[in-house]
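A, B, C and D are the chain letters, set down in written order, and residue numbers restart from 1 in every chain.
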Amino acid sequence: MKNLFNMSRFKIVFTVCVLLSLYSFVNAQAPAVTTVGITPPAPVTELTAVDTDNDHGHSITVKWTPSADDGAGANNVLGYRVMRSNSFEGPFNDTVGVVPLGSTNFENSSSIEEGAEGFIPDNTDFYYRVDALTGDSLVFSSSEVTGPVHSYGQWFNKGLIPVFFAVIIFTALTVLFVSAARKGKELYVRPLAGIEAVDDAIGRATEMGRPILYVFGLGVASDIATIASFTILSRVAKRVAEYQTNLIVPCYDPIIMTVAQDIVKTAYMDAGRPNDYKEDAVFFITQAQFAYVGAVNGIMIRELPATNIYMGKFYAESLMLAETGVVSGSIQIAGTDEIAQIPFFVVACDYTLIGEELFAASAYLGREPLLLGSLKAQDYAKAAVLVLALLGILAVNFSGDLGLTWLVNFKDWFKVID
Amino acid sequence: MRRQLPFFFVFLFGTFMVVQNFVPHEYSERAKEFLSDWTIIIGIFALALGIWSLIHVSLDKINKRKPNWEYSFVTLVGLVAMIFFGFTANVSGSWLTYFAALMVLLISLWLLVQGILGAGAGVTKAKEKFFAGIGLAAIFTFIALYDKSWAFHFYTSEGLENPLFKHFFSDIMVPLQATMFALLAFFISSASYRAFRARNLLATLLLIAALIVMLRFTPGPWGDLISKTSTWVMNVPNLAAQRAIVIGIGLGMVATALKVILGIERGYMGKG
Amino acid sequence: MELGQYLWTSLGAFLTLSVFSFLYKDNPMYKFAEHLFVGVSAGYFVIILWHDGLVTNLFGRLADGHIYKLWLDSTKWWYIFPGILGLMMFTRFSHKWSWVSRWPVAFYIGIATGLSIPLEMSNRVNRQLYAMMEPVNWDSFMGSGWLDMGAGYSDIIVFVGTVSALIYFYFSKAHTGVFGGAAKLGIWTLMIGFGASFGFTVMARISLLINRIQFLDKNWKRNSFDFTNENFNPLYQALFWLIILIFLVYAVSEFLKYLKNKNASSVKSA
Amino acid sequence: MNWFERFMKLDRRWIYLFLITVCLLAYYSDFTVPTIREKETGAIYNFIDSLPAGEVIFVAIDYDPSSQAELHPMTYAIIEHAFRKNLKVVFTALSQNGPGMADQAIHDIADSMRVEQTYNGVSYPAREIANGVDYCFLGYKPYYALVITAMGQDFRTPFPADYYGTPLDSLPLMKKLHNYDDISIVVEVSSGNISDAWISYGQGKFGFPLAMGLTGVMTAQYYPFLQSGQVMGIMGGLLGAAQYEDMADNPGLAKDGMRVQLPAHLVIILFILIGNIGHFASRKNRKNVQS
């Protein structure tokens, strides 16, 4: 079966999204109109009730302008009571909510479960009235009735439009770059200081005739950082095979050990020295964090490696490894995506690949089209974020005096309302 | 066919969940509720896999007499005892028969496992051990049925109230886990003067910012100046750095999730 | 403190001291403590998974309360399917059948990744991008002088710092010229950020050590010598010194071994 | 060999000994360290302090014993503050090894409420805290991201019954509580990864005010969410806990611990300075020797 990933899958996703947004625009309805009545405190005016937008239905938002006697005039309004009934002149004895003075809206909503308390069925007509309440519960004035209005669920949440476009654009970028990389198009990734340091460090180890120590850390084979570390190991193993320096790879996870053994063996094969591959170069120690670190420290003090390379998932034990490495005088190069450990590596090691640089390094070395494509997509998305941020900050600060009126609400295009 | 179809379903479920997030309608909400319920149940079984691999590794270490193999007994006894406590509740005061039952359970399990693993794993007289195990298991079930001082509770959670279960948690797991992390204070102290060097400009900047933040609650004349600087460092340069990292990680996570859904990344499925 | 609780606390204290003994050297007490921890925490996890996970989410819904009829008359009988899918996960261990486990993994990974894409994009990228478009506080540009977070110059530093740090993580253009300068500014901002988290981490690790000191002092030592307490008995003191003795004996044996090696090596070299 | 090389070759165990002696000396001497008050912690305290009685807050005790040292003081300070002000509290414990510890903490705090106490000059009477009336402990479910999203629709979806197995509908407190709309603030105390899920799957989707109690290691990483408004307040490590205790006038484990933090920090800073001064000094005279 041909690989499922191709342009047709992208077309399906795109058309589904376009259909959804068209359907929801057609669906919008105009709200109903209202009238005014007079009783002791001035009643509420301009009462409107409309289905709450961007929700799963079962919810109606009632809006009004506060009574003239709220906070001014007779100033005897303490709050508002929202009443509901099923017909225009019908008995309004169903109080759905009481809000304090000064508020101008109320959302009468319920959960989607049938039996839930105060359940509001969708697509059934309701009529609303708001009473301005005073200290005396008998003295209140009710506004005109508004309705009919019914609640329904929308099919597209307009508050998430910025996220919607971000996901669509990012998917398109990924598809574009991965298919370009698959067709062999040359994709440029800038050289990384950490990787150049690895090559010189291997040279240094060869001159001094001391081994190179490669540590994967505590990750498992499916961790992304460990997968990136495999590509870096294959680069190191190729160089080691050529220069005939010896390599030590103590492993924490049995599966990683088997994969690392294959990598080093093929590296020696490619360098045309299959018999130089030493079986015990890659070995398993233990799966207990501190016992593993104790053993690796022992190796560092005994073998005095010229270069220590830590690439993968590291946790609290990174401290002990780096410290023993400094004391035994080796050049240290580290790379991890564990943000909390990066500060310790930066101050203790000579070079550190920070977070995403580890993945860029593996894409740079491995030249594997799929990784390259995905990395480029992330890069261009980052470029988009940068450009939009610059435009946004200019719009927010200078749109007034530059007279660019359309830029004024540039920022609101990016507001995510959930 | 067997290998490709699951990836099509990953794409199907993945795309549905992405689109579902933008659809607030009731049907999409019910569908998500339904699917996440299923995922939680499947996930529980997936987490149980870890337990099986721990037992497998410990048994392998003991049978092959690997270094420190004696300590694997401690792991297995701890595991079986904790599970036994979690499923049982003590009805009356006497604990004697309760512990006797536990002993019999442990020995019978050990014999049964040795019997099942058989000669392959270097087990001598596997058959006799297996039958001895069956015999002890019978004794254990006899004790369990007729001893009224304690009882099994699989369906209701009396086991969580079993004092032994609670004490094993609060007096073995808690001190051990807390102390393992307390070791780090020592590792930092020795690393701080032997390894942390201002070896280049970047490391110098890092150490200066670290010193400011670490001095923030020192009393004395410099006190409030340093704590003001440290608050500024936290809320301005640190904010800029962490925001860039958050955006980078966000794009990285979405890219990885997309690679899984679009079938580019297949490693997670394993060599099925 | 009555006897039962004291015995458990002294067990906790013994385990704490045996983990601390790793600071000297990897020794039998530490190996015992670590292996015990791995076993007990795995057992605890099985119980929590069963009681909090399976019983309430799966069996509770299947059996509608009465366990024996299981799914025969339960209103939510279809919950048996995730149960079956879950069991299929266990085929991962047999080479012949492990392809079966691909189905529950596909279901689970598909939903989990699908759920994460819009939410991670929205909360890590969109919201942070929106937050970057902050109006600069021009009218109090210098604010209340130096180090004022609300001042205009701080807003500019935040924006420029974020933009330059993002440029540093941009891999499609070499860091040369002006672009290189911005990237250098970016890595400097990152370093200050890492310095801040370094400082906090030091405080975090030391508070872990303090907690252990508080436990050993308040819960253990004080109760061992709490003569005034009515249910105090001399056994407490004996147990306290017994635990200390274990570590003393080990230390003495190590010291003797150290002396023996020194003499042996001095004899060899003499 | 000058003093610095000898100092470098010193066995690391002497350094451990030095650190532990400094800590013990500080621990057994009783000087108090004045606690600064940062706005990150103040925002949380003021919000909870302003809530009228009867309001419901949600405290997520999402950490495990390893970070109990820093996070328990925060949990104790906040929950005691909430109970003293007659607020109702809903708990979860979404970290694997957390439920047992969370259950124990809730009972400790409930017991400590049986004593009459005065805080900031206001005296609070002794009170009996009842499960199901004053609080409800939902317990643990795996896959916290899905659980947090599901609680947005209804607590009953992921938690048909509470930690002790009683169905939610039979608890008086939970009768009128359905989802985050009935909660005035979510205080999430955890050591990192679960906090990300509360931001993305919880606050991002349902918009409730979210306060965070974090271990020192993770605190710096959450300041961007503070400035963007996704998080309304942060308590960072033991210092954050000490600040909350200071504001609530309820000194506890955190303030007791801060006494040792200061000298220990000075030791670390001293080591860093010595290390660097010695490093540059020996490198300078090594250059003189060569040239």
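The rule we apply is simple: contacts are C-beta pairs under 8 Å (C-beta built on N, C-alpha and C of every residue); 3 or more make two chains touch, one makes a residue touch a chain.
In this text, all values refer to a predicted model and were calculated from it rather than measured experimentally.
Asker: Of the chains present, which has its C-alpha mean closest to the combined C-alpha mean?
Answerer: Of all chains shown, the one whose C-alpha centre lies nearest the global C-alpha mean is C.
Asker: Between chain B and chain D, what distance separates the C-alpha centroids? Give it in angstrom.
Answerer: That gives a centre separation of 21 Å.
Asker: Using Cα averages as centroids, what's the distance between chain A and chain D in whole Å?
Answerer: 25
Asker: When the C-alpha atoms of chain C and chain D are each averaged to a single point, how far apart are the two points in Å?
Answerer: 14
Asker: Indicate the residues of chain D shared as contacts by at least two other chains.
Answerer: Chain D, residues with two or more chain partners: 8, 12, 16, 66, 68-69, 97, 100, 141-143, 146, 149, 153, 158, 163, 165, 204-205, 217, 220-221, 224, 227, 239, 261, 264-265, 268.
Asker: List, in ascending order, every residue of chain B touching at least 2 other chains.
Answerer: Expected reply: 7, 11, 15, 18, 21-22, 29, 36-37, 39-40, 43-44, 47, 157, 160, 169-170, 173-174, 177-178, 180-186, 188, 190, 192, 194-198, 202-203, 206-207, 210-211, 214, 216, 231, 234-235, 238-239, 242-243, 245-249, 251, 254, 258, 268.
Asker: Which residues does chain C have that touch at least 2 chains other than itself?
Answerer: 22-23, 31, 34, 38, 41, 44-45, 49, 53, 57, 112, 115-125, 127-132, 158-159, 162, 166, 169, 190-191, 193-198, 200-203, 205-206, 208-209, 211-212
Asker: Chain touch graph shape: choose line, ring, star, complete or other and state it.
Answerer: Per interface graph, the chains form a complete graph.
Asker: Can you name the residues of chain D that touch chain B in the complex?
Answerer: Touching chain B: residues 8, 12, 15-16, 18-20, 33-36, 38, 64-69, 97, 100-101, 104, 141-143, 146-147, 149-150, 153, 157-158, 163-165, 220-225, 227, 239, 258, 261-262, 264-269, 271-272, 274-276, 279 of chain D.
Asker: Enumerate the contact residues on chain C facing chain B in the complex.
Answerer: The touching residues are 8-9, 11-13, 15-16, 19-20, 22-23, 31-47, 49-51, 53-55, 57-59, 67, 79, 81-83, 85-87, 89-90, 92-93, 98-99, 101-121, 123-125, 128-129, 131-132, 147-149, 154, 157-162, 165-166, 168-169, 186-203, 205-206, 208-209, 211-212, 215.
Asker: Using the touch rule from the top, collect the residues of chain B that touch chain A in their complex.
Answerer: Within the complex, chain B touches chain A at residues 1, 4, 7-8, 11, 15, 18-19, 21-30, 57, 180-181, 183-184, 187-188, 190-191, 194-199, 202-203, 206-207, 210, 245, 247-249, 251-252, 254-256, 258-259, 262-265, 267-268.
Asker: Using the touch definition from the top, list the residues of chain A that touch chain B in their complex.
Answerer: Those in contact with chain B are residues 1, 3-5, 9, 13, 16-17, 20, 54-58, 112, 122, 153-157, 160, 163-164, 167, 170-171, 174-175, 178, 221-222, 224, 227, 287, 289-290, 316, 319-320, 322-323, 325-327, 339, 343-344, 346-348, 350, 355-356, 359, 370, 373-374, 377-378, 381-382, 385.
Asker: Which of the residues in chain A come into contact with chain D in the complex?
Answerer: 111-113, 116, 323, 327, 339-340, 418
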